[in-house]
Amino acid sequence: MNGKRNDGRFGDRPKKKKTGRMILLFTDFGWAGPYVGQVKTILADVAPGYPVIDLMHDAPAFSPKPSSYLLAALTPWIPRQAVVLAVVDPGVGTARRGLVVRADQRWYVGPDNGLFDGVIRRAESAHPWEITLAPTTKARTFHGRDLFAPVAARIAFGASVPGDQLSESAVRRTDWPDDLGEIIYIDGYGNAMTGIRADSIDPALALSLDGRPLRCFGTFGEAEPGETFWYANSLVYRSTVMRQAEGLKRLPA
Amino acid sequence: MNGKRNDGRFGDRPKKKKTGRMILLFTDFGWAGPYVGQVKTILADVAPGYPVIDLMHDAPAFSPKPSSYLLAALTPWIPRQAVVLAVVDPGVGTARRGLVVRADQRWYVGPDNGLFDGVIRRAESAHPWEITLAPTTKARTFHGRDLFAPVAARIAFGASVPGDQLSESAVRRTDWPDDLGEIIYIDGYGNAMTGIRADSIDPALALSLDGRPLRCFGTFGEAEPGETFWYANSLVYRSTVMRQAEGLKRLPA
Amino acid sequence: MNGKRNDGRFGDRPKKKKTGRMILLFTDFGWAGPYVGQVKTILADVAPGYPVIDLMHDAPAFSPKPSSYLLAALTPWIPRQAVVLAVVDPGVGTARRGLVVRADQRWYVGPDNGLFDGVIRRAESAHPWEITLAPTTKARTFHGRDLFAPVAARIAFGASVPGDQLSESAVRRTDWPDDLGEIIYIDGYGNAMTGIRADSIDPALALSLDGRPLRCFGTFGEAEPGETFWYANSLVYRSTVMRQAEGLKRLPA
């Protein structure tokens, strides 16, 4: 990650042979079926040698808005120069545009449906392009494989963006809030993640359950057994969780 | 993919350092347990540097016949020179042969149970070998790890095939049809994929439900809400799906 | 794997360009969410070029003890020089130590909670270190990403261990048995794996069901339809399974 996070104790880190550029996948495809595999086949064929990482494949299905806040939360953990291939795309096959976005030295490729709004909103600078490349097949239903993967692969190895520049305002969702007061993801441990940053001080975004405010704790042990509370998860969003009566439960996020 | 699918707009694609050869996994192992991971460990150990891609791990379980039609549908998306390690193998531990098949410049490694029949059926040329290598352990139950993975890895880096040539007819399933009028896969979105190619004109293979013929549409919006219809999926097979009443549903395949 | 398992028939195996070092992940994170993806992002960023393999992500959740026996069973299949990043860590955020263990030329990185006891118990030699590096963030809840991944990555490329040597006895669980008479994993096929090695001759570890001893078979066909029996799985542990009445079922492990 960036230099600040490393403590510099290792002087023997080797020079990278590559630029360090990697491709990360953020989709709602799930792990079943050939869909992720077909996307990766294209990436390995067009951009051999670049690592491809499954960041997550259970983004909120067909839901660009919560997915946008989730992707924004993951962004600080994505290395500069990485290419994020993001597909949450209920409008595939309609006239919605395909986008490439350059934001704070990271690249994003995917549909123009608000999915990148959270990233752009928090970036110091952002530059969008409309993809003008045609899909590689006539299938209207799998742009992840036929359009976004080829574009992401080419950007990974340094090709110019195959599209026309847009103004930032042309792709923004200005009616969306800075923090989203909804549950945007429930993980496998039962943690319910909101779109509210942990350090938000907006009093309207205090978390409550059945009208009763939730307490905030740093560790599970501080809560009463069975108590529902909130904490700052590892993505620095607010999560709510119930402390199990039977003992300490891990806080994975 | 092949040259026809690219539009040639990118003149700056770099030369590949490798041959572009990759290894694709097509199994019914599922994602649980150490089985896929052990296969990949062997591949990375024997053939370091070649990308390994999970094409799918939920092929029809213990069912070589529908798996064969599914693999055939995926083949056009598999680059030439790739090695496909395919394991749907209810007969492991019995006397069934292990096969290597070279078909239209792609390689296939797996059991001789019909799994490669669809690929061979549609190939311009196909050459099978019976694997004569012994498994690496005495375990009779995991040839994916102990036999097929080592063979696939060696083929990836260009070793000669460890086996004896067979005639094509020795491995064919001539009693299987060109198009299979069955549901061969139901994906995570509820699309039911048949083994019938979209452009089949065999009138006996028209799709019907409860005796009523299904209509064919190119997009979901053309169907009536709640109507079950069929469409040509992204693998160019016929899929049936019901249009949701609540709005447009994505067509992922 | 080691030289004994190969039969030497292939003289054309190329020299490896790398040391063959790879990173294997053994966790209870599951496949949902961004957790595995974030760990892999760190690994690809800090140690580019080393293959990362998902050995399994459904180790017994929050349960270091059965996980320890499972990891020990997988170890013979892990190449020498590999780095195993293992996280089953109910105590994350508490004062439990982080460990690096060198055992029989393999490396292990993860929490000090018994997870590596099985590996150390069966190793010819083992050397543990306490990790003294600080996590890369203040988040107390995701040491897999913030502490163990950076350490594993650095070990992969040959950095010195960032920690202080411990005595082997300081990390052992001497009250745990050599073979664990419990079900430690149930796989996707319904096989119930015990922590008892197949060749154990301890009569106290005979398998029974409802007080009746189970018979042992080498193949499913030898059992009566519907009979529950045990066999030596592909990890050379004892598994119990019921023979299906409808025919031969595969033995995947």
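A, B and C label the chains in the order they appear, each numbered from 1.
The rule is simple: a contact is a pair of C-beta atoms (placed from the backbone, for glycine too) under 8 Å apart; a residue touches a chain by one contact, two chains touch by 3 or more.
Just so it is clear, the model here is predicted, and its values are computed rather than measured.
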Neighbouring chains shared between chain B and chain C, ordered by label: A
Rounding to the nearest 5 degrees, give the angle of the rotation that lays the CA atoms of chain A over those of chain C. 120
If you average the CA atoms of chain A and of chain B, how many Å lie between those two points? 30
Multi-partner residues of chain C (each touching 2 or more other chains): 31
List of chain A residues in touch with chain B within their complex: 29-38, 40-42, 44-46, 48-49, 62, 89-94, 133-134, 136-137, 139-142, 145-146, 150, 154, 157-160, 162
Residues of chain A touching chain C in the complex: 1, 5-7, 9-10, 12-14, 16-18, 20, 22, 24, 31, 51, 53-58, 74, 77-79, 82, 185, 187-188, 218-219, 232-236, 248-253
